[in-house]
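Following this line, the structures themselves.
Each of the next two complexes has chain A plus one other chain: chain B in the first, chain C in the second.
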Partner chain A sequence: MTSTLNPKKPVLKMDNVCKNFGGVIAADKIALELYGGEIFGLIGPNGAGKTTLLNLITGIYQSDDGEMFLLDKNITKVPTHRRARLGIARTFQHPRLLNRCDIKTNILMGSDLANKRKIKGGKLEEDMNMLLKCAGLQNVNLSDSIEKLSYGQQKMLEIVRALLCEPAVLLLDEPAAGLNTKEMDYIVALIKVAVQKDIAVLLIEHAMDLVMGICDRLTVLNFGHQIATGTPTEIQSNEEVIKAYLGGSCNVKS
Partner chain B sequence: MKERFKSIRLTNVVIVAAIFLLCMLIPSQTSSYMLRVLNIAMITYLCVLSVYVLLGMCGQNSFAQAGLWGIGAYITANVVMKLGYSSITAFIISVIGTALFTFVIGFAFFRLRMYYFTFATVGLMTILNGLFMNWKEATGGALGISNIPEFRVGGFVANTETSKYFVILATVVLISLSLKFLFHSPLGRSFMAIRDNEIAANCLGINSLLTKSIAFAISGALCGAAGALYAFLSGYLSYQSFTYQQSTMYLIMIMLGGTISPVGAVIGTLIISLLQEWVRPLQNYMQLIYGAGIMILMIVQPEGILGGGKVIYDKYIKPKKTSTKNG
Partner chain C sequence: MNLQLLISGTSMGFVYGLIAMGMVLIFRSVGIMNFAQGEFLMFGGYICYMFNRIFNIPIGISLILSSLIMGVVGAIFMRTAYWPLRKAQSKAIIVSAMGASIVLKEGARIIWGSIPVSMDKVADGTAKVSTASIQWQYVAIIVIAAFLMALVYILLEKTFIGHIMQATAQDQYMASLIGIPVIVSIGLTFALSAMITGVGGGLLAPIFFLNNTMGMTSGAKAFAAIVIGGFGSVPGAIIGGLIVGLVEAFGGAYISTTYQLVLIYIVLVLVLMVRPQGIFGDRIQEKA
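Here is the complex of A and B:
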């Protein structure tokens, strides 16, 4: 489904999307276009509205204004579970796994969705082992409970689960936060798999080396406002960005 | 690795064989009074199992299960006595009827967030009990319904305590096995996803309202089956059986046994059902004993007896892992 897409056509399109929490502007006229096989970065200081944007895309929050399209379908009013079935997968800033279930069940949640979407899973075992290997989880016991996994492994498992949904769009909320460099390599490997599958990846991340290293394009948010969008080189030389974020007074969490 | 797998298989076979033998021997070794206690316990177990599906798997708590049990029982009584249908048909209509009723109610109630569903079920229980007491045409009102014919299929009539025992046992075993399939199915997983993390579940394509309603409907089907069996077993139905207190009892049983697996429902039901018989002289203090017992248990071991057993197993008995390859 995703692989036959015309590369010129955006997979996800946001148009003029706004969200306001009792006076706090968390999303201010956001306009984005994500393309299949592209890694799109989303950076900005704490409280800039990055997570809010993911919640708007997944439908956990309703936008106050504006429209969103997934593969030409208007999803602005579509509930969360239907958006997931249309091909939006995500991870969370703090992993949201099924804590009372074993690792296998957590993984199967992803392939269950792929099956519901009638996307031929077929070689689930093969796919799963490949992804687990990329995530450095090939040696875990699948019947263990989630608590046996480290924080980093839990974040990895969440990405594996999201990839098994065979999504068109993958939204990653700070996947590398709190991880060591080795674990970061696993994250990069998983993102590369997503790109190979022609998935549009939206990556929220504070680790600048990572973002500037792998993103094709990125956008900078500040107080819910998109202050700049462009390639890493363009962003790094954008004065407004430097003032607001990169070299300015705002504290960059690493 | 393979050898360990084999040995686990073997112990399983031995355990199942032993339980089977025990179940076969029980009728010849116990008084008919004790057999009646066991029959009621098995029916109660189905209701506790319904709590397992709804609370243990899906994380939603209902105080209306005894009411659903009543619906199943009254449907069977009416279908057999007024319509003259066969026992099996009555059983099936009870199961489906209760499930449909529960599904519709669930679809309305689960629009409520958080624990408000539980509040609503308290109301439902009260209304159902009132209905059972006052709807003379269908429930016989305060007098109840008596002389419900025995369960019969073909030439077989379950008119002795022992034959009733086997009918109930067979139903209970069949239902328990099908729950095992549910547990490992995508539907079962979606229940557990809702229980553990509703937002993550939604983001994995799971419709909260529909999934919770289905879980409630399945729990209703279990209560419906229990109700049908109860109508055949006792031959007499009174609104006084289907009370709020009875619903609470199911919750106490599953809390005692543990909500992590259906085995918890078995343990909890057996212990409390037998306890009620053995300490009859202390009956006046039963509520006190349950109350205190549950409070202590929740503090010491919130996962119930089964959870406590699992902790001990993991700590002392479980073989230390050597290879950890995708076992």
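Here is the complex of A and C:
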């Protein structure tokens, strides 16, 4: 299928990953391959197991079964902080920043750990300013407290922080939730930067226009099952997907 | 104003401030009040005594060595008394800290005996200022404690390790996701906390004899200092410590030595009546 279109090796590979919470199946034999420079969408109704999947990738949860590979390295048993250093970065649905530290500390927190660059390095500074510009944050005062930023700006800042770590995989948990259209454009710009840097982007999002518009491929989850994987056009015409997700529930929610 | 009391009260206040600061560092890092903090003071004092009086090492070097060893003790304390219970209810961790305090207290009795001991002063002699005679040791305590507090401030605010420790304190989950090994970061916090508190023990011992039960009362006073200063605030811990030290000194001289502890708690209640969050207690609302 897609792997024939894309001759590159997958950056992140999940092989039959399973996770149960008691009797609840949160992830059932998940098999994914993410390639560098690709935007991979992950959609599904609330409670479908999308965030669980992210937590499995970052190592917050240990999978019950199956294996995960990051650039051919088996990371199934690797602890969270080592995975982060190996190149898995994520952002949160609700921004998690250090409220007691200034903006610059927040942005650079992690990048030094991730790629062992010195914080005062010229290139890092340059990268940071470029990313801040993409995020529409070029005018913020870096020594201000985080609380001076709006909700949308905080979400943008998280992505900037993640990108500065130069990850192999970037996991975005609902980056557009709660943002206005202008801020959405900034998010898209940042995602485009990630693609240019050949980062594999995994995008969880409820805003269907955004997902269908920018994703190269996507997978649909429902009750921990992968019901379909394919290009946006394939997914939109998939009977089972329409039944489970895109059909009725979408209209009711908005 | 009695200068002699002012100096001795201030220096005691700085020692309580060191204990309170150690407690606050741990509180901010893991959200638990460490009820074994006073034991760190006692244990640090005994280790310093061991270097100074048993191995005959000069007191300055003994203080540094004991502080380093207390760092190891703090890290072991964290690994054994806190880490296995990190996902349990906070009650469980408080009980395990109390257990650890018994281990430290009785451990000190087994190793160094239960007879109160003393050791060399950092600075000998007294200074005469008009009618007051001031022990140089009190001045030394103030200088060394203030220096340590400044050092901790610089470490936390200006260094990369400090930023890692702060990040872990604010959000462990996020910290691990950006590549911080949480166990190392929390271990460092406990080590730092035990180090500064342990030095306090070595400074106090030449004035008051060391005994293995001193941790309890000094821990209780430091706890009062934290509540007065504002729960979770580092400057609050220092100011609260000073208030406790001064109330103790002046209350002991002018009212009654028997009721020193009672006076501290009266001040505590008065502060809480006027400012329930303590003097610098804004952070607690943010945490809630």
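Brief remarks follow.
Keep in mind that, in the parts below, the second predicted complex is superposed on the first by the 231 of 254 C-alpha atoms of A that agree within 3 Å, B and C clash if a C-alpha of one lies under 4 Å from a C-alpha of the other, contacts with A are read in each partner's own complex, and residues count from 1 in each chain.
We adopt the following convention: contacts are C-beta pairs under 8 Å (C-beta built on N, C-alpha and C of every residue); 3 or more make two chains touch, one makes a residue touch a chain.
Everything numeric here is computed off the predicted structure, so don't read it as measured data.
Once both complexes are superposed on chain A, the partners chain B and chain C clash. Once the two complexes are overlaid on the shared chain, A:165 sits against chain B and chain C alike.
Of the two partner chains placed around the shared chain by superposition, neither chain B nor chain C is touched by A:16. By the document's definition of touching, both partners, chain B and chain C, reach A:80.
Contacts of A:140 after superposition: chain B is touched, whereas chain C is not reached. In the overlay built on the shared chain, the residue A:60 is in contact with chain B and with chain C.
A simple residue count on chain A separates chain B from chain C, and the partner touching more is B. With both structures placed on the common chain, the touch criterion links A:180 to neither chain B nor chain C. Using the contact criterion defined above for the overlaid structures, shared-chain residue A:150 touches neither chain B nor chain C, since it reaches no partner.
58, 60, 79-82, 84-85, 89-90, 92, 96, 98-101, 105, 109-110, 112-113, 161, 165 are the residues of chain A that lie in the contact sets of both chain B and chain C, per the superposition on chain A.
Note for the complex: chain C touches chain A at residues 160, 163-164, 166-167, 170-171, 173-182, 286. On the side of chain A, the complex with chain C involves touching residues 58, 60, 79-82, 84-85, 89-90, 92, 96, 98-101, 105, 109-110, 112-114, 119, 161, 165. For chain A in complex with chain B, the touching residues are 58, 60, 79-82, 84-85, 88-90, 92, 96-101, 105, 108-110, 112-113, 115-117, 129, 138-143, 161, 165. Those residues of chain B that touch chain A in the shared complex are 186, 189-190, 192-193, 195-197, 199-208, 260, 321, 324-327.
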